[in-house]
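Worksheet for the structure shown next.
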Amino acid sequence: MNLVIVLLIIGLLMIVAGCWCLMRTFHLLKMTIGIEVAMKAVTLFLVLAGRISGKIALSETFVITVMVAEVIVAVVGTGTAVGLFRKYGSMDVRNLKQLKG
Amino acid sequence: MTILSICAHGFIYGPILVVLIYNLFNHEFARKHFFWFAGTGAVWQILAAIGGFTALNQNGQTSYAFGAFWDIRLAGAAFFELNATRFLLLLIVGLVALISVLVAHQTVDFNRSSYTNLLMILVLGMNGMLLVTDLFSLYVFLEVTGLCCFIMIAMFRSRADLEGSFKYLILSELSGIFILTAIAFLMMKTGSLRYADLAGLGQRISAGSGQLEDLLVYAALILLISGFAIKTGVVPFHSWLPDAYQSADTAVSILLSGAVNKVAGVYGLMIVMQLFGDVAPVGPSLAAVGIISIIIGALLAVRQPQYKRVVAYSSVSQMGYILLALSTGTTLGLVAALAHILSHTAFKSTLFTNAAALQEQTGTLELKDLGGLENQMPVTAFTSIIAFLSTAGIPPTAGFWSKILIILALWQAGSPVLAGVALVAGILSSAYLIRLQRTVFFGQTRPELAKVREVRGSVLTAEVLLTVITLGLGLLYPYILLLLHAGGIL
Amino acid sequence: MNVIVYLGAGLMLLFGVYAVMEHSILRAAIGLALSSASLSVLLYVLGAHLAALFELSVCSGLVTVIFIAGISLSHSPKMEIQKEYRDKERNRLLPLVLIGVGLLLVILALTLNLQTPELAQLTQDDDVRDVLWGNRQADIWGQIALILCGGVAVAVLFREERREKK
Amino acid sequence: MLAILILLPVAAGCFLWLARRHYVISQLGGLLFALLNLAAALRLYQGGQFSVILPVTVPGFSLTLRADQVAELFLLFAAAMVPLLLIYSIGFVRDKKWGGLYLLYLCLSIAMVNGALLSDDLGLLLFFWEGLLGTLFGMLLLRNRENPRAAVKALTVSGLADLILMLGIAASVYSAHTTLMSGMQQLPVTGVGALGCAALLMGALGKAGCMPFHAWIPLAAEDAPTPFLAAFPGSLEKILGIYLAARVVTELYAVKPGSAVSVTVMIFGAATILLAGAMALAQTDLKRLLAYSAVSQVGYMVLGLGSGLAVGVAGAVFHLFNHVLYKTGLFMTAGAVEAAAGTTDLRQLGGLRHRLPLTTGSVVIFSLAITGFPGLNGFYSKELVFDAALEVNVIFYLAALLGAVITAIYILKMLHSVFWGQPAAAEINADQRQGAQNQPAAAAVNPAADQLPTARQAKVTGRQGEAWALAIPQLLLALACVGFAVGESPVVDGLIGQAFNLQERFGGFPKSAALVIISCLALALAGADHLYGWRRETAASRATDHLTGLPGLRQLYVAAQRGCFDLYVWLTAGVRAFSRLCQWIENGVTWFYDIGVPRTIMGAGNWLSALDNGSLARYLALAIVGMLAVGLIFILML
């Protein structure tokens, strides 16, 4: 049980929490937040990988790029959620059942 | 500057240049003439793909490495690389973009300038995915591709558009998390994410070594396959796909089915297969996903109430075929997958273009409201039948040859059972397509559709162009088979 | 150093779980920001200084701003309107699940008794900027595309709806 | 040269069709063509054998024409028949609407026969063979477009024979590894070879009209014009069928006397002689009688060929030549009778010897020839066949002998009732009524289209007496009969023996005096029987009634009436049963496709669509389950 394993476990728990958020909450923005939570864990994994393999600078560049992507995802997610709010007057994901087989 | 270098840089600079120039003009002008800008971008992509490939062949090279604005000779510098496979996929991207523009010319109305910008960024994202030589860069461009798609679906802002977009976004981000986690796990073992450094990793790890990193590599492979499978839209990762395809404007649906899920999904799996094909469970998991996808996708397609939804589920089913071909890991399998990607692009784009024509002329795509349009819309009906033949794999068309290749590849790789199932599942594809044809084009013309006329202009052009490609490929494939035979692959 | 790492990781998880469980969307956004801040501390301690700076400014700053903008655009800055979501949410189970999964992972790690890698020594040889501009040019190209994308997204998605399609 | 023999008839056909309105021109042109054709065949016969490959490529076949001695002999004989057939036909179809087309078809048929005789490649042979079937169908259609029962029957029955031939060709090509007949020499009759040999023989003899492929001929005798009967069942088809059968027996396959194939074929031959002869006994129509007689005579050839003996082959081929001469002649006389009297019903005819002296003269010769009266050509060939049959088994000999008796009986009846005696006017009305009852369909359809022109024809020709164009060919044929009788040994040994490379000599008066005496006794028996029947019934046309009323034979006629010996009836019944079976299968398949499969698929689709219920949580769960499943595969395989 060294530091690496502890950090890995904590990261995995964060991802589980993020997925839980995606599946079990009904608020559109909250789902976007869930994505961000999972992304935090991924950022941690990347830096940890850089430390383990001795390429911390490389992993830092990865983290920076991921952050940019993360922000854009947040923007698009929020924008779509707001658009849906304008249509439905609510942010409940259970409204999204118009499209089905 | 050689032709090859111009073409290669064109893939990177072309779309950006179009975006920059396009936004220099005032809004009204840009809105009015979006067709020419986006069309130029798409045509340029096609020309660059063909010209570049020709130049590459003339030089006798198999691949060509280059950097966009940097010198790749510096130690550790990133670089882009072109080879035959990538040229083919780049050509497909260009072709699909062109078809999309042709359709958008009639279907997209109030947000044409956004459409143009996003189309070009999407093309850039896909070009990037195809050109990079590093797994992380692949992820970055994958994210670009995905984000463009979400916005393109959502920008029409009906309830369905936003809903489809949001579902796609959530599932896509899940795949992004999977892929990034996998990247981090891989990096723990190798410290580098270049394809060259990752290749052969399967030989260096073993499940029984007792090392954490080795186990994490296997976990990474699971996550990579799942992540790209979500992007491909194969059962059981497929659920977003019909919703997104159905809700999006048809011009965008064409992009999604024709290029995005092939470049973002199948190409990713292709890379996985290339780098980690020697890890025992990778091929079988792809095959399992593929075969489930073929059958369940077709079964689901049979009962869908809406034209584009049927076609979307058909896409799920066809992606299964491509995965099945990839799962063999042989050269023939790769060729078969590429062939089917090409055929699928042609016939699926035709079906979506027909959807655009129907939507434009009748105003609906619900199957219960359509019927007997054969006489009113002869060209659409005919092209749709050709596409149907190609989907079901019936001889004079492209789909027949690529399906034959897939079955041959499976047979050669020693899985005759899968080959048999793939063959029999073809009947299911005919089932849903016959239903589609019968409901939409044959039978009694509904009185409210009596005044419907054939679509005109660019959509008609797109339909005819795609049908010519489908039939032309059908004639060309035997020649390709001969080449393969001569090359000892078949 | 290890203490700060454990602390930072623990706080990150805690704030993350809080963000997931909190019924108020505003507080959830703030929880996310705090989680992000904890992560930036963690990153700093692990030696990724520039990444830590970005995490603090971009993720805990910009992302929170975006969410708050979204919340205000949906006219629900207060917590009381969340009743409709609260009804069926079973988020109270989450800590239990997490503890279960965590225990499972710990037991797995202990029984497998794997050889785990250690953290490598920090070297000052390669600078982040050198790597970013010298080795990761392709990513920069991707970032340009991402930012363009974001720009279009803001322009398209947050626009007031005057010319609606349907 | 070889191609000329095929192209010339085509050209002639076109010419005759164009010149259909000018009787003299077409008569002269036909004569010219026929003589040219004869000259070409003669030239070919003298020139020895040679072959030519057609400049047409069909994958798998080399289209080769080859003229060897056998082909040349048959070709020459066919070419000798052509002038007679043509002159007679042109004379007969004068002023008929369908005359031009009829002549065109006839010439095309001649081209087909020439082609089939000359082709060395079995594929090419099949082409000409089927072409002949096509022209035959066209000719049968000419007069009865609305009611093409004879045409359809001919097409079905001959088509079946041709299918069997095709099977035989396929099997032969398979076992010989070549499509060329010149490449097949004495193939062994075992395994595939036996199938090939049997099927080839069946097909060839079916073309010649052997039972059970004869069924269309009597029907055609009712519906088709008389020249057609003379040309097709009378001569051309028989030449072709016997040609191929002779080839198969002597060249392609090593058929041993007494082998299974040989005995089977001989049984068919004997059955044909007896059954068709018995059927001929009961006929009251001149043309039908002759048609059955033609079928019956084929039996002798089949018997001879099937024996596989040299004497049998020589007898069969010689009998073929003789048969073609006298049976064509008989059909021509029937045509002349029809033209003169307007009917061919034996019961209405009588005493025509005064009106048609030339015809009567020739018909006497033909009749003597067909009954095998000693000294005429039919006698010699029959004795050869008797020899061969006796050598194999005495039963075959007895069957052939009985056949000869029957032949003599019905020929006597025919001769007596048509040319001697008086027309039985009183019976006409009764019989017509009866006929109308018996064959309502034929009576209902035909009279308007058919009987009026014939009646008019009768008036016209009746005034003129005998038409020269109809009489001359008969006389020539009669002369040929006599000629063949006189020059019997050069024909048998010189022409046939040389063509087939027979070692022994069979010409001259039969060596076995016992057989000759038995044959003469048989003829005498027939004469006695006729006298008995005539006295008993007081009408020549009913002189056979005491025979046809015999127990056993009567049942035979009842069975024949019901179509028990009619391959066409078997076929249609079989087809009907098969179609019913197909209907069942079809219903099952329809159910399977219309209800079974869609229900299964739709059910599965409905059940599966619970997967995609639009709920995002479900989508995510599915994706994560999918990831876990992939993980499971990894865990299982590592």
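Here the chain labels run A, B, C and D in written order, and each chain numbers its own residues starting at 1.
Convention: a contact is a pair of C-beta atoms (placed from the backbone, for glycine too) under 8 Å apart; a residue touches a chain by one contact, two chains touch by 3 or more.
Quick caveat: nothing in here was measured; it's all calculated off a predicted structure.
*Asks:* Show me the overlap between the contact partners of chain C and those of chain D.
*Replies:* Both chain C and chain D are touched by A, B, going by the contact rule given at the top.
*Asks:* Taking each chain's centre as the mean position of its Cα atoms, how many Å separate chain B from chain C?
*Replies:* Going by mean C-alpha positions, chain B sits 31 Å from chain C.
*Asks:* Give, as an integer number of Å, the spacing between the C-alpha centres of chain C and chain A.
*Replies:* So the centre of chain A lies 6 Å away from the centre of chain C.
*Asks:* Determine the centre-to-centre distance between chain A and chain D, using the mean Cα coordinates as centres, and give it in whole Å.
*Replies:* 90
*Asks:* List the centre-to-centre spacing of chain A and chain B in whole Å, with centres computed as mean CA coordinates.
*Replies:* Computed from C-alpha means, the inter-chain centre distance equals 26 Å.
*Asks:* Among all residues of chain C, which ones touch two or more of the remaining chains?
*Replies:* In chain C, residues 116-117, 135-136, 139, 142-143, 146, 149-150, 153, 156-157, 161 touch at least two other chains, as defined above.
*Asks:* So which stretches of chain B touch two or more other chains?
*Replies:* Within chain B, residues 136, 140, 143, 147, 151, 154, 157-158, 166-167, 170, 174, 188, 212-213, 242-243, 300, 303 contact more than one other chain.
*Asks:* Chain A: which residues touch two or more other chains?
*Replies:* Those would be 4-5, 18-19, 22, 24, 31, 48, 50, 52-55, 58-59, 62, 65, 69, 72, 76, 79-81, 83, 96, 98-101.
*Asks:* According to the definition of touch, which chains form touching pairs?
*Replies:* Going through each pair of chains, those in contact are A-B, A-C, A-D, B-C, B-D.
*Asks:* Where on chain D is chain A touching in the complex?
*Replies:* 609, 612-617, 620-621, 624
*Asks:* Which part of chain D faces chain B closely enough to touch in the complex?
*Replies:* 597-598, 601-602, 604-606, 608-609, 611-612, 614, 616, 618-620, 622-627, 629-631, 633-634, 636-638
*Asks:* Name, in rising order, each residue of chain C that touches chain B in their complex.
*Replies:* By the definition above, chain C touches chain B via 112-117, 134-139, 141-146, 148-150, 152-153, 155-157, 161, 163-166.
*Asks:* Could you please specify the touching residues of chain B with respect to chain C in the complex?
*Replies:* Listed in rising order, the residues are 12, 16, 19, 67-70, 74, 76-80, 109-111, 114, 117-118, 121, 124-125, 128, 132, 134, 136-137, 140-141, 143-144, 147-148, 151, 154-158, 188, 210-213, 215.
*Asks:* Quick check on the complex: what are the chain B residues that touch chain D?
*Replies:* Touch residues, chain B against chain D: 166-167, 170-171, 174-175, 178, 207, 218-219, 221-223, 225-226, 229-230, 235-237, 239-240, 242-243, 280-281, 284-285, 288-289, 296, 299-303, 428, 431.
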